[in-house]
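Two complexes come next, and they have one chain in common, subunit A, joined by subunit B in the first and subunit C in the second.
Moving on to the complex of A and B:
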């Protein structure tokens, strides 16, 4: 027993110095400001979480709830209708289904027409503005300038320019001898030319700036190496610049697809959805149904379908460009 | 609602009055309110004007959130909708106190505030679509500027004369949420057609009258009497620049607008009779009492006092453009001081209103008007356009009947 206890004591005493050395160390590590407590990150996230929760999470969840009801703010009852709002959107022949898919089609057309241009033109512009020449900063500012305008300014400005009967553009075309007035805002295909053109003019500056930042981070040594290997301008663009820009291109593509799919102001202000609701985009229709007709349940259901589609498209973007990377 | 009798003479109250008078009509209403306050110093009125579109969104929201104003002004074709939404109150009980009598109004106007056997609104004015004409343009084309056309033959020959003089005489808007459809409305009624069946459950505008009305509108473009792809603002700009002779529109929007253009020589007359009978689309601003969670007898008495006063003094409102709804006021010689309004008033006996069906304005502006606009842009088959719109409308009419039916 004594032995045991002695050993025990000895054992207890022997490591004691070690413990003694270790414990302040340990204590320091625990209490060190560099080793945060488990909840520290949440405290830092709290302000954003609060905003995110109030303005994104709660509305998103209550949107799901609304979409299951026939929800008019101003009527006392909001009868539960289950998935009826969604079913309505997939019932062939139903008015709302027709109108909704027509508006989705408009959004789709706009994305297909505008995204390639908003990818290619700003890239070309960025390549140009990345050259060294006099007045480079001035031109960078000039091409970016329209982006700072609000959509209402852009809408009003181009309304004056594009109006079929009283617009400046048709006025000048007439002086150049074009006798037939071009219905820029009232007939296909001109409405799409106008909407896509205005959008490209308005937002290409932003994409250019993003490309430009990407271009400036491409290692010069790669170009030198390519030159040594006998690569010409096009080969350098194709084999050095574009691969180096891939993450930037992915970012620009994703943002541009989302922005184009959410197009609202241009159609609303320039064409008003004309002709025949041809240019009434999904967001425009959702706003009309939800905020003008107060059919909030239906509008929420439509928003979810649109959001789902955009999530799928964004995921495909990532998948597609990531596969290429490997 | 508490009982109210006679003029309010209690302690000072401040009423909240909402409306959509954001144009030239706003200051006119404010002046009238000032005059009222001079006569009734114990009642102050805070007027809050917001664009009509916003008004129809925010007014019901305010009522539901217990932030309702005391009274408001709204369009006749929105009264049934808001009655069904239960955001306004029946006003039958205060009719006598306000001094409203059936014989003082045109039947269509008197009936326009009655929904499900109760009266919900008090008509202030009428704004029939009328024929605004540019006198100088008519004169230059060899037409008599003092005798605007009154029937179809006269109208078409005037347009021919104008065309020979190189002027497209009737710029017909194909894109304009308001201007497009109201011309069609008037023509449909002139040809003896109707928009809806009696129950307000089905659209009837695709009948022969509707087809003829739309075909006539298309003929204006086909004949070159109107350019194609016209928007409401184009027609207006052309008129002000002596490039357009005729505008069909309401006095509320146009009288002050045209009156501000220096050197423009214009006048206004009732719409010409293109169909078999005279008729013109008209709207009417009507006072409503907002539903409160609990009514204060003093405030309500003050509201009634104001309504009685302003309907009595609605001649002052005429300078905003619309003409008074109350016939004795309309026949007041004072109206002759406003020649344009006096000319508009000559056509009031032929005015037509939309039927009193909740949600009807939405059917008109989201289904019929776009269909008319499309037909004017594409010059496609009018019958097909109107039949498609009939099918579309049946969905909305059924949905509205269900939505407002039980409310």
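Moving on to the complex of A and C:
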């Protein structure tokens, strides 16, 4: 729709120079025959800004407004409550505070367990794939494949494989002589092993591919120089590869922390937040409160707290790695 | 070009073996790759195998990789279920992914062009606001956007999935960086030839930007295809669901009827995997370039 109107303006603009050629400001016209009208850039920006304004800027502010109200989707009145929603989340005895911080804890545990693995394993995989060998493209595609399946297929598949009574994993463990069935999806700490393991299985290919691009842009001359200086394989990895990869590592780290902090689907599909809500992540709890119980003001307050925390972590991440660089 | 690269690679390995690994090293490398491939592929094979089993065989011990009595019962059950219109879900997902991706590409490219190549009042402010939102996690918009989408009457329609996420700050930022690197001489030449800004954008800038546009397209389509939480809550009617939201309902509906559940998972994943096998080069190139901006 917007493209059509833009084409329209473009067509109208076309004959303009011919008219102006004879005008006194001929010199300027020759230098730049199509000096854009003042509104040209705004026309280009308009479609984006329309969507951006409606679904990013307005909600960013109206969300704050909601969080200051007792905003129930199904009630006609949304009484103003000031900071009460936030206060509730910091009131030690309150049920909602207890549940919220439990969900924050679950998200925190998942981030702490998954991020190191999602940084290290894909890096190792990328180093492996960065060797010269036949079939490299094939293996790269194989390792990336689970990512294109999406969380729902992955969730359905693994809740079957990890089923405590009838799953394939426990089936093979029984063959190996493990007599007691491992409760992969129903008891800690196994639930965390499952959630982290499945996430690694699902997304390691994605991170590897990003690393791999970084590895391939490292200057070969640096390796040659290191070799001349007598650096071994590990020394080259430590003193050439990793320092050269720093920007890519920072990018992958930021992306992975955010993705893990946003974890929802794996818990929703694999454990349902169990046992006793221990794997119910912050996002899952926010969605439950806001979009199932429709206490949207409270949910908005929770999402701002989580967002603030994530922004602080990202900023620290950035500053820390920047500092090391200089 | 690919063959040349492959051939030179092969020649080099044979003559100089630049990686400096001997026969043992090569064997170890392949052994490792093979083990990892099994870890990645075995679950998918198990999914296919189970989808052709009877419910009894699906949970038999020891595990049976080849269905003892092959049956399409799981598929039949699923396709007979009006509450689980799998193909419809598939179609919805494709429709949403394509429309959303096109909208993101069109709006982000059009917005990035003036931000990167024109001077105008407010440019810095607009750019700063867009970049600032890159650091705001998406879930912040969840509650207010639910209300906005409801207000527009878009709940339970594809528009709820196509439009709200289409203002891609990442897309604008990413394309800006590329557009800024296009030599100004090209644009000046076109201006002297009498082209206006729109013509330059369409005939000069966009054709030069195929690679970054493809990258943005791939990343956008993947994230739309995988989007789970939002469709789960804004879609209700079984016929309106996308594949991720629809598949999630199977878990409750079919509980331990694993052949049916795996049949659903297989229908959802086999076409995607086949397509991926053909276009993997472009998908992977797209993802690879996403990290090379910093």
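Operating definition for what follows: the second predicted complex is superposed on the first by the 283 of 326 C-alpha atoms of A that agree within 3 Å, B and C clash if a C-alpha of one lies under 4 Å from a C-alpha of the other, contacts with A are read in each partner's own complex, and residues count from 1 in each chain.
Here is the rule we go by: a contact is a pair of C-beta atoms (placed from the backbone, for glycine too) under 8 Å apart; a residue touches a chain by one contact, two chains touch by 3 or more.
What you see is a predicted model, and the numbers here were worked out from it, not measured in a lab.
Undergrad: Report the partner of subunit A that touches more of its residues: subunit B or subunit C.
TA: C
Undergrad: For A:291, select first, second, both or neither according to whether it touches subunit B, subunit C, the two together, or no partner.
TA: Both partners.
Undergrad: Regarding the shared-chain residue A:166, is it in contact with subunit B (first), subunit C (second), both, or neither?
TA: Both partners, subunit B and subunit C.
Undergrad: With the two complexes superposed on chain A, say which partner A:140 touches: subunit B (first), subunit C (second), both, or neither.
TA: second
Undergrad: Figure out whether A:306 sits in contact with subunit B (first) or subunit C (second), or with both, or with neither.
TA: So A:306 only meets subunit C here.
Undergrad: Which partner chains sit in contact with A:108 here, subunit B, subunit C, both or neither? Use first/second/both/neither.
TA: Touch partners of A:108: none, neither subunit B nor subunit C.
Undergrad: State whether A:148 touches subunit B only (first), subunit C only (second), both chains, or neither.
TA: Second partner only.
Undergrad: On subunit A, which stretch or stretches are contacted by subunit B in one complex as well as by subunit C in the other?
TA: Of subunit A, residues 73, 165-166, 291 contact subunit B in one complex and subunit C in the other.
Undergrad: Which residues of subunit A touch subunit B in the complex?
TA: 70, 72-77, 94-96, 98, 163-166, 181, 183, 185-187, 272-277, 288, 291-293
Undergrad: Where on subunit C does subunit A make contact in their complex?
TA: 9-10, 12-13, 18-19, 21, 26, 29-30, 32-33, 36-37, 39-41, 43-44, 46-47, 50, 58-59, 61-63, 103, 106-108, 110-111, 113-115, 118, 120, 123, 126, 129-130, 133, 135-148, 163-167, 169, 172, 191-192, 194-199, 201, 222, 225-226, 228-229, 232-233, 243-245, 247-248, 250-251, 256, 258, 261-262, 264-265, 268-269, 272-273, 276-277, 280-281, 283-284, 287-294
Undergrad: So in the complex, the part of subunit A that touches subunit C is made up of which residues?
TA: Going by the criterion above, the answer is residues 2-3, 6-7, 9-10, 13-14, 17, 32-34, 36, 38, 40-42, 44-45, 47-49, 51-52, 54-60, 62-63, 66, 73, 125, 128, 131-135, 137, 139-153, 155-161, 165-166, 168, 171-172, 174-175, 201, 205-206, 209-214, 217, 247-248, 250-252, 258, 261-262, 264-265, 268-269, 283, 286-287, 290-291, 296, 299-300, 303-304, 306-307, 310-311, 314.
Undergrad: Taking the touch rule as given, give the residues of subunit B at its contact with subunit A in the complex, in rising order.
TA: 53, 57, 60-61, 63-64, 85-87, 171, 174-175, 177, 227-231, 233-234, 237-238, 362, 366, 370, 373-374, 377-378, 391-392, 395-396, 403, 406-407
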